[in-house]
Each structure stands twice: as C-alpha cells, then as structure tokens.
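Given below, in the form of structure tokens, are the structures.
Each of the next two complexes has chain A plus one more chain, namely chain B in the first and chain C in the second.
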Partner chain A sequence: MNFLRSGWATLQKDMRIEWRGRARAQGALCFATLVLLLFSFAAGPDAVTLGRHAPGYVWLAILLTSTLSLSESMRVEMDDRALEGLRLLPVDMRGFFLGKLVSNALFLCCIALILFPMSFALFEVKPTLGFARLAGVVLSGSMAISAPGTIYATMATQLKARDILFPMLLFPVLVPALVASVKATSLVLFGDPMHEFGGWMSVLVIFAFVYSILGIVLFERIVEE
Partner chain B sequence: MGRFLDLGLFIIASGLLLLGSIWGLWIAPPEAMMGDVYRIMFVHVPSAWAALMAYTTCLVASVIYLFSGKSGADHVAAASAEVGLVFNALLLITGSLWGRPTWGVWWTWDPRLTTAAIMFFAYAGYLALRGAIDDDRRRSTWCAVVGIIIYADIPIVWFSVKMWNSLHQLQSSPKTMDPAMVTPLRIGAFAFLFAFLWLVRRRVVALRLRAQNDILMMNEGDPR
Partner chain C sequence: MSIQAHHLARRYGRHWALRGISLTIQRGESVFLRGANGAGKTTLLRVLSTALQPSQGTLCLFGLDAQTHYHEIRQRLALITHHTHLYEALTAHENLVLLKNYGLILSTQELQSALARVNLKKHAHRPVSEFSAGMRRRLGLARMLLQKPELVLLDEPFGQLDVDGVQLQEEIITDFKQRGVTIIMSTHDHDRGYALCDRELWLDGGILRGATP
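Then we have the complex of A and B:
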C-alpha cells in the first residue's frame, strides 16, 4: 500500500513542480521544436522525403528532449539533498521510482502532444489509422524511454561527467524502443497493409514493462549508495 | 598456484590459437562460394562466442555482487566487461572485413551486426561509468545495476532489429559444414575460451591489487 501511496505522492509533487515552475516545460518544448525544425533543414525542402521520415524526426526530437527533461527531473531531487531527506522518511523507494517514471512519461507525452500536430502541419502527414492508436504509441513510447531513463538519470545527476555519461548510457539501451516507436508511428501515419502494428506495439510494451520492473526492483540499491 | 594457473592458461590459449590458425589457413579447404574469404570465420565466430560469454559473466557477477556485496564479484564483472569489449571490437572489425567482399558493403543493418554494435557502445558506456565514480561501493553497486540493465537489452535489441531488417546468412551448424572446417572452428572456440579466462584472471588480479593499494594509500593519509 505504501508503494502505491509513495508513487502517487511523488507523481502529484512532480506535477505540482511542473505547474508552478513551467520554465522547464517551456525550455524543453522550445528545444524539441528546434530539433524538429533542424531535421527538416538537414533533410532539405522536399515534402515527400520529409513526410516519409516524419516519424523518425518526431521520435528523435522526443528522445533528445528526454535527456534534458529526465536529468532535470532528478536534479530537483538532488538539490538541497532532497532525496536523502526522503530516505529518512518512511517512503517506499520503489513507489518513488514508479511515481518518477510516470511523471517523466507524462512529461514526454505532453511534448509529443505538441510535436505531432506540428509535424502534421510541417510534413503534411495525418494519422490514417486514427488518433487512438497514435496515442497508444505515444504513451508506450514515452514509458519505454522513461523507464531506463529514470534509472540512469538518478545515477548521472550525481556524477561530474553527467552531460556526457547520461546519453552515452541511455541511447544504446533505447535503440529497440526508438525502432519500435518509429515503426509503429509510421504504420499509424501511412497505413498498415501487412498488419504489423500489433508486433511493434508488443516490442514497445515488453520493453517498457521489463525496464519498469527492473527499475522497481533495483532502484533502492541505486539510492542506497 | 595462481601464477601456474595463469601460465597454464596462457600456454593453452597461445597453443590453440597457433594450431587453429595453421589448420584454418592451410588445412581447411576453401569454401565453394566464398573461396578463401570465409577463413575469417575461424576468428569471427569464436570472438562472437567469447564476447557473449564475457557479457554473460558480467551479468552473473553483477547479480552475485548485488546479493553478496563481495568486491571479488565486482572485479570479475569489470574484467569481463573489458575483455568482452575487446572481443566485441574484434567481432565488428572481422565482420566488416568479411562483409565487404561477400555482401559488397562494409556495413549493413543486419540484426546480428546491429546488436553487436549496440552492445559495444552499451558496454563502452558501462566502462565509462566505472571510470567516472570515485567511491568504491557506489561504483560497484551502480555498475552491477547497469550490467543487469544492459544484458536485459540484448534479446530485445536482437528481436527488434530482426523485425526491422535482416540480411545475415542463416546460422551454420556442424551438420551443414565440411568436417574439415568444423575442427579449426572448434579449436578457435577453445582458444578464445582460454584467452578469455586468462585475460579476465589477469585483469581481476590487477583490479584487486589496485583496490588493496588504494586502501594502503588511504591508511597512510595520502592525499590522492
């Protein structure tokens, strides 16, 4: 019970911090939009090429933004040794991890909520399989990025070389999540004649599930040190 | 005792490597389609097995460390990750050298190649993390966690990239190969196994000595 209560309290706290601060969200959103625009400049003005690669650009923008948002989310826990303070209280650290994971995933969902309509306008694409499936991909993809991301961010924010180490640790692990998110989004945008959508969603859900469980089991050992 | 074991492992590994090279280069017949190019397989395939063995050892040692807290398990995890990275690099280089004349490209997004490349960077990150943490206990615990996280990724990476694209030829087995080719491959596999054991042992000894040295320095009040 304490597990879920700790998770819910952490989630509420993070949401409140975001709502009151809003600077982090605005900064992250600006960054994500810029990345999306930069990809367009790098690929050239050909609308067909841009449209074909739109899912890749959006997910890379979300992935790059996640490195900022995840480290920022854990940095607030290290300021004034807040995490150490929490450990002195009867807070279930597994619940704390779950709360952080969900709040980080929700944050990435919000970024995606802005980026996808922008990409529809910029690259002239639309979700042919419907918005519900796109929302499913966004939610699973955000959970898949946040699960290992929250674990690594907890470590990286306490290190001197955090800016280099965090992406170095995170990106190789996230390759399956990136591939599955991009493929599933492509199928939602351009149609799914071979019925592959379910397979890619399974990869995303399994990835998110495995790393969420690993995080819940191992997180206490990370914060102990 | 330890010195004799090291010497024994070194002699067996070197002997088998020499025997495997002679057999693979001069005794084994050329392959019907690829000619002599296939001979790189006698290094490429054993290096893949050795890398996977090293990463599995790293996982097992990481789990043992998290349960027991024994520094020996941490040293084994660190040593096997380092040795695994060397074999992984060898795997990527030999694979690329073989791919050019056979497939016509240095690199392709094949599941096994891509998985090997991702594992290389994942374990490079693991070793970078080891180097970035000063506190011994923290380094051991965090790296044990990362060792488990990375290993859990291997099957998911392989499966996802397989769904994405596949060009690699089907895996050969002793039944589909000429017996004259199987023997040097087996010799190569044992040579790499003993080389792996020797290298890991040497690195574990070096890490243990460094840890002991750090404790001595600390006790003497050395500012380092």
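Then we have the complex of A and C:
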C-alpha cells in the first residue's frame, strides 16, 4: 500500500513540478528537434536514405534528450536536499522510484509524440503497421530508457563529474534497448514481412521490466549509500 | 533512552569528520551541541538522524538499531538543517500536502494551523522559489511541527530568521521541551543554547571533548 501511495505521490509531484517549469520542457523539446534536424542535414538530401534511417534518428534524438531530462529530474530532488527530506519522513523509496520512472517515461513519450510527426513530415515516412503499434514501441522504448536512466541519474547525482559520467554510464547499458526500439520502429514504418515485430517488442518489454525490477529492489540502497 | 551511540565515526574520503563519538541521551533531555566551524556538528546531527550512515560504530535510537530499523526510527524524529528539504517549484501549501500524500496522517486543519503558527498562511499559495531564506526556514518549521517528532535535531535553528522568527523558534523549542520531546541543538548562539538546553556537548575536530551534566 505504501509502495503504491509513494509511487502515486511522486508521479503527481513530478507532473506538477514539470508543469510549473514548462520552460525546461520546452528547452528539452527544442534540443530534441535540433538533434533530429542535424541528423537529417548530416545525412544529406537523399530522401530514400533519410527515410530508411528515420527510426534511428528519432530514437537517437530521444536518447540524447533523455540525458537532459533524467538529470534534471534528479537535480530537483537534490536541490535543498528534498530527497533527504523524503527519506527521513520516511517515504517508501521503492514507490518513489516507480513514480519517478513513470514520470520520466511519460516525459520521453511527450517528446516522441512531437518528434515522430516531425519525422513523418521531414523524411516522408508513415507507420504502415498503424499508429497503435507505434504507440506501443514509443511507450516500451521510453520505459526501457527511463528504467536504467533513473537508476544511473540517481547514482550520478552523488558524483562530482556527474554531467560526464551519467551518459558514460547510461549509454552502454542502453544499447540493447536502442537497437530494439529502432528495429521495432523500422518494422512499424516499413512493414514486417518476416513477422519480427513481436520479437523486438519482447526484447524491449523484457529490458524495461528487468531494469524496473532492479530499480525497485536497489533504489533504496542507492539513496541510502 | 532516546539515543545511545558507541564509537561513532564518519569519514568523507580520507577526512574523518567524526571519531570515537560515544554518548547517551535520555528521553526528554535537551542538549546544546557546540563547537567551531568544521568541528563535525552537522555531520553528527545527520548521523544521529540516520540521514548519514556512520563509517564505524553503533547507534541505537529509541532502543532500536539505526542500521536495521531506520524506517521505524525516522517516523519518530525530525531534522532541521541549513537545507529545508523543500521543493522550490511547489507552493508552501503543496510542500506540506506532500507529507500527507506520502502517508503522514494529517488533517486539513492541522496543515492550516501549522502554516498559521509560522506566520505563512497568507503566503500559502506562493511557490517556495519566491520565498526568502527566512520564510523557507519558517516553512521548514511548519513541516517539523506536522511530523510530531519525539526527537528533534536542530542545526543552527536561528540562522536566517528575523527577530520574530527567532522568537517563534524559541517558543517551539520550549513547547517541545514541555511535551517531553528530546532535543539536540547545535548553534553558535551560546546564550540561547545554554538558556534553552539542559546540558552541553562540545565537539572539537570531530571528537567529543567534553560534556556537562
């Protein structure tokens, strides 16, 4: 009960803080858009090449933006030692992690919600398997980035060189999630004649699930240490 | 007995902020913790609050081992430091409602009266980011009142407060004493420390040099 209540309270709190600091969210969105545009400039004007690599560009833009949003999400907790205040209440840190994970994933979903329509316009692609499957990939991919992201962002906030160390810790871990997200998105956009979509989605969901459970189990120890 | 510590030590990297701290504090006692800057007062208070784990030694609070029973212990104490544990983007009222959302049993009336007690009722719906340092300290006090602690750890409680705020803080400490709350207070204001507390502990270079009954 405490676990769910802590999770819900954290989600509500984070949503409210995010809404109040809309400028930060807008900044992250601008960054994501710029990254997407830069990738397309770097790839050149060939529409076929751009279209083929569109899923990779979008997911790399989401991944790079996630380093900003995840760091920011934990910075709020470290300002004025707010997280220490919650620990001393005491708040169930497993629930806190779950709430944080969901709020971070929702933020990435919002970024994806803007980036995907942009990519459809820029790269002249559309989801041939339908929007519902694309939404499934976005949701699973966001959870898969946020679960280890929330763990490592928390660990990194306690380090001096956190801005450098956080992406260095996170990116290698996220390789399977990134590959699965890009592959699943490619299948949604360009068709799935070999019926591979389910396999890649399973990789994404299992990855997100495993790291969510790891976070729930380890988060208290991470913040206590 | 509220606190029983044996050979507590805390290290930051190679630096030992606390060494060999052994102390016993009875329930309802009020203790003035004094020492120069860097003596380890804040570290000791944070260790006693279970916010920081000791590098060595054992700590029992309310008869419970702090290493294994910190959840139960934390329900019974409050820590006030230079950091007020508030979310800047939230209003004063929302910061207090957060305690309720996280499971503290509070009525709306208790919440309102805590805000009124620290004279922040008319600022209840302003974000904390617009508050002065003194107003934040007052809100921290309201938060502490709502926690209804049995043990209060105060680190420089009079810092950043105006004359009214200092008086309010004194009233709250006196009120806690009358209700049998155990108090440990570190302050450079020695006159207030001696006036409000029953005995003193003197920290020097992370070592407990003396204690007066």
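Following the convention adopted for this analysis, the second predicted complex is superposed on the first by the 225 of 225 C-alpha atoms of A that agree within 3 Å, B and C clash if a C-alpha of one lies under 4 Å from a C-alpha of the other, contacts with A are read in each partner's own complex, and residues count from 1 in each chain.
To be clear about the criterion, a residue touches a chain if its C-beta (ideal position, glycine included) is under 8 Å from a C-beta of that chain, and two chains touch if they have at least 3 such contacts.
Keep in mind that what you see is a predicted model, and the values were worked out from it rather than measured.
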Q) A:76 contacts which: chain B (first), chain C (second), both, neither? A) second
Q) Touching A:6, do we find chain B (first), chain C (second), both, or neither? A) second
Q: Mind working out whether A:17 is in touch with chain B, chain C, both or neither, as first, second, both or neither?
A: second
Q. Where does A:224 make contact in the superposed view: on chain B (first), on chain C (second), on both, or on neither?
A. both
Q. Which partner does A:151 contact after superposing on A: first (chain B), second (chain C), both, neither?
A. first
Q.
For A:207 in the superposed arrangement: first (chain B), second (chain C), both or neither?
A. first
Q.
One more residue to check, A:168. First (chain B), second (chain C), both or neither?
A. first
Q) Does the superposition put A:90 against chain B (first), chain C (second), both, or neither? A) second
Q: Show which residues of chain A both chain B and chain C reach, each in its own complex.
A: 224-225
Q: Flag every residue of chain A that touches chain C in the complex, lowest number first.
A: 2, 5-6, 8-9, 12-13, 16-17, 20-21, 76, 79-82, 84-91, 224-225
(Q) Which residues of chain B touch chain A once you look at their complex with the stated criterion? (A) 66, 114, 118-119, 121-122, 124-126, 128-129, 132-133, 135, 137-138, 141-142, 144-146, 148-150, 152-153, 156-157, 159-161, 163-164
Q) Can you list the residues on chain A that touch chain B in the complex? A) 148, 151-152, 155, 159-161, 164-165, 168-169, 171-173, 175-176, 179-180, 183, 199-200, 203, 206-207, 210-211, 214, 218, 221-222, 224-225
Q. Taking the complex as given, what residues does chain C use to touch chain A?
A. 49-51, 53, 70-71, 74-75, 77-79, 81, 83-90, 94, 98-99, 101-104, 127, 136, 143, 147
